[in-house]
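Following this line, the structures themselves.
Each of the next two complexes has chain A plus one more chain, namely chain B in the first and chain C in the second.
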Partner chain A sequence: MSGFPALTSGHRPVGVVSFAQHDNVRRDGEHNDVEMLLPVIAEVFGNVGITKDDVGFICSGSTDYLVGGPFSFVGALDAVGVWPPRAESHVEMDGAWALYEAWVLLQEGEIDSALVYSFGRSSPGNLSEILALQLDPYYMAPLWPDPCSLAALQAQALIDTGRASEADFAAVAARARRSALGNPKAQLAYDRSPEELLREDYEVAPLRRHALPPLTDGCAAIVLAAGDRAYELCERPAFITGIDHRVETHALGARDLTRSASTTLAGQKAGVGKAGVDVAELHAPFAHQELILVDALGLADDVEVSPSGGALAANPIMSAGLIRIGEASTRIWSGLADRAVAHATSGPCLQQNLVCVLEGV
Partner chain B sequence: MADEGVHYSADHVLEYPYVRSVGPTVGAFLTGLRDGKVVGIRGTGGRVIVPPTEYDPDTGDETTDVVDVGPEGVVTSWSWVPRPRPKHPLQTPFAWILVRFDGADTSFLHVMPASGPDEVATGMRVRPEFAPEAERVGHVNDILHFVAVGGGA
Partner chain C sequence: MSEPVTMMAAPMRLDYVFTPGVAQGKNMHGLERGVFIGQRCPKCKKVYTLSRGSCPTDGVPTDEIVELSNTGTVTTYCVVNVPFAGQSIELPYICAQILLDGANLSFMGLIQEIPAGEIRMGLRVEAVWVPPDQLGPTMASVKYFRPNGEPDAAFETYKEYL
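Presenting the complex of A and B:
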């Protein structure tokens, strides 16, 4: 046992002690959500030698809009097997926000550990139409703007400021997919030059295919443990020293799309700038968004950004944010990093953002 | 037990059989579109928010007076769709545009026909092309699309 780091958020040290994710694939037509989750839940518990009976709380993140039925997330609990009944909750959000809820409950001190998981399959439905339903119902949703079209508006606005170009987007995409070659869970990995990527046609100008995330089926899980319990389960826990999430207006045309004010504020509240950062796992589904996030968080040039390949390598809906926290934690566990930043986003054009600072002792 | 080969079926209709009032703020904008004009609302410091919101998105202050804006405006950003999706408002190549109407301080999302990305540009002046009066119902699609003022980017 090596003590605990100073906390910016909360008063009780809570660490990420286990992480598992499914293979990220374009289409898993053979398994339902529960069947995809079962091996992931088994792995996340198996890593630290515990069972569902050892955690005090279970929280999941998913969206019923993918299935088209209310309370569809209840069925996913079968992947954990909650009988007799367990303390459990759910957020209609990425699993990173489920982790936030579990972290809040752990602050209260009545429980010492929690399971967080998230799941979603992009393949059965039409995400371009499903995600349009999250927009303003009077002014935007009736036009059916898809996430790629809106992200492209953001990318063009960024180009117009002169702070970035299409070549910069291609450089981000090339680096991310090259990093992903070292990630066995990645869906999209390649070694191609930015110059080659720039010869692709526009998907929605100014974004070419390489600047877009893949469509991904997947799921992920994390175990959190507080105080001494964290050290019982993990030699070097990735302690959450700061965590915060902020949201911007749903009025897209009232935002400065070239900045991420909510990320900046969440990063300040989470204490990102209090010390150096070794690695940052950023949930930037579109290449240009990484540039906006690096700027918003004030990350120095020497910070390693998304060594997993990030959301450009695999973008499982509702899990890609939680996976950023898991990937950052693995760098703490291995000693590759002492201080990491993980980020999750939700909504069009980085509308809502969660920032989490992880530290090893 | 039913005989082998006999199938029973019933129609299942999912519907929301109610009418929702959009209220005085959103309603003012949609009613304005029906009447062939564009309105915004005053927020903090007198800035004009279009499309209008019930509160200022930055400060949370209640918004106040409805004011006429446009109908011309300037493109503040755009993206160009070479292959429209089935639900998109236009089925030939078009641009999504954020338009800041004259007199407004925020931008409004809509579409403009464009056969290539060189036909749209940030800063270009545009105006809405309304549906014929008899077809307007108080809906964002009462604007069919935008067109360049004075032709071309």
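Presenting the complex of A and C:
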């Protein structure tokens, strides 16, 4: 046993000890949500040699809007098997927020481990229309603005400040897709120069195709364990030393879209700047958003950003944030990093953000 | 000054492609042949019909396919007397939970060919299918269930399924 790191958030050390994710694909037309989750849940437990009967809490993240069926999260529990009855909860959000809820419960000390999972598919419906419904129902939603157009407004505003250019977006995309070549779960990976990417046509100006995330079906799961239990399950747990999430107004016109005030605040509360950061897994579905997030978190130039390729390599809706925490944790487990930052976002133009600091001992 | 806006209409409609998955796909292909398909859990050995591919108790895939009987038992029921929008069946009619022989999970079905006042728990029923040329991968292939003439099932045989 190697002891525990100092905590910025909470008082009980809770570590990420296992992570699994489904293959990220454009469309899985063969399996339903339960069938996609079954192998992922089996893997996340199998990695650490436990079963559903060994965890004290189950929390999931998903949204019924994606499949157009009510209570799909209840049906998804069939992939875990909740008998005898057990403590369970759900958030209508990315799984990163389900992880936050599980972390809060683990702080209370009644349980020592939890399963967190999330699932979502972009393929059953028209994602552009579905995501428009998360906007305010009076002024924005009736216009049905698609997420790419809203992101393009944000990107143009960023260009207008003079802090970034289209070439910078291309550089982010080129690096992310090149990193993704080393990620077997990546959906979109290639080795192309920023100059080549800049010759692509605009999808929505100023965003070219490379600056957009792929549409992805997928799911992911994580096991959390507290205190000594973390070391029983994992040689070098990725302890959550800081975690916080903040939300901004849904009135897009009332925000400075070129800054992410909620990320900055969450990062401060999570203690990002208290020590050096080796690696940061950022949930930036659009290339320019990575630039905004790096700025908001105050990450130094030597921080390795999204070595998995991030959401530009695979963007399984409702899981891409949880996967950032999982990917950052794998760097701690392997010793490639001692201190990692994972970030998850939700809502249009980085409206809501969660920041998690992970440390190994 | 004009009247303040107090109400607005914002019509919305979303269309989806339904993915039944492997398990429900097998069920639906069974319905296409006029056969109920069940899936057995390798751990608890229970047979689920209209399975989504997993045992909800054990959380493991239910890979073993079982062809189920055309007959079953009414475990509980409701007599519908209240008219509603979209109603297509003459009132009163009976909606019942039906436990197919060989299955460990009941599902809801329409009961016909029996006066509403005679419906009861334990009634033995059989499925009536649409004509073969109208069978499809849908529960609409089952027109309804009707009494099959067998004596009522003993309460002990279905008390675990209420």
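Rule of thumb we're sticking to: the second predicted complex is superposed on the first by the 361 of 361 C-alpha atoms of A that agree within 3 Å, B and C clash if a C-alpha of one lies under 4 Å from a C-alpha of the other, contacts with A are read in each partner's own complex, and residues count from 1 in each chain.
Assume contacts are C-beta pairs under 8 Å (C-beta built on N, C-alpha and C of every residue); 3 or more make two chains touch, one makes a residue touch a chain.
Fair warning: this is a prediction, and the values are worked out from it, not measured in the lab.
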Checklist entry - So, does A:67 touch the first partner chain B, the second partner chain C, both, or neither? => result second
Checklist entry - Who does A:38 touch here: chain B (first), chain C (second), both, or neither? => result second
Checklist entry - Who does A:82 touch here: chain B (first), chain C (second), both, or neither? => result second
Checklist entry - If you stack the two complexes on chain A, which partner ends up touching A:206: first (chain B), second (chain C), both, or neither? => result first
Item to check | Partner chain in contact with A:140 - chain B first, chain C second, else both or neither | outcome: first
Next on the checklist: Which partner chains sit in contact with A:30 here, chain B, chain C, both or neither? Use first/second/both/neither.
Outcome noted: second
Checklist entry - Which partner does A:249 contact after superposing on A: first (chain B), second (chain C), both, neither? => result first
Next on the checklist: In the overlaid three-chain picture, which partner chain does A:129 touch, first (chain B) or second (chain C), both, or neither?
Outcome noted: both
Checklist entry - Which positions of chain A sit in both the chain B and the chain C interface? => result 129, 138, 142
Item to check | Residues of chain A defined as touching chain C within the complex | outcome: 28-35, 38, 41, 52, 65, 67-68, 75, 77-83, 121, 123-126, 129-130, 133, 137-138, 141-142
Item to check | chain C to chain A touching residues, read off their complex | outcome: 8, 10, 12, 14-24, 52-61
Item to check | Residue numbers on chain B that touch chain A, as the complex places them | outcome: 22, 26, 29-30, 49-51, 53, 57-58, 76-82, 85, 87-89, 96, 98, 100, 106-111, 117, 122, 139-141
Checklist outcome for this item: Counting only contacts in the complex, chain A reaches chain B at residues 128-129, 132, 138-140, 142-146, 149-150, 152-157, 160, 201-202, 204-207, 248-249, 251-255, 257
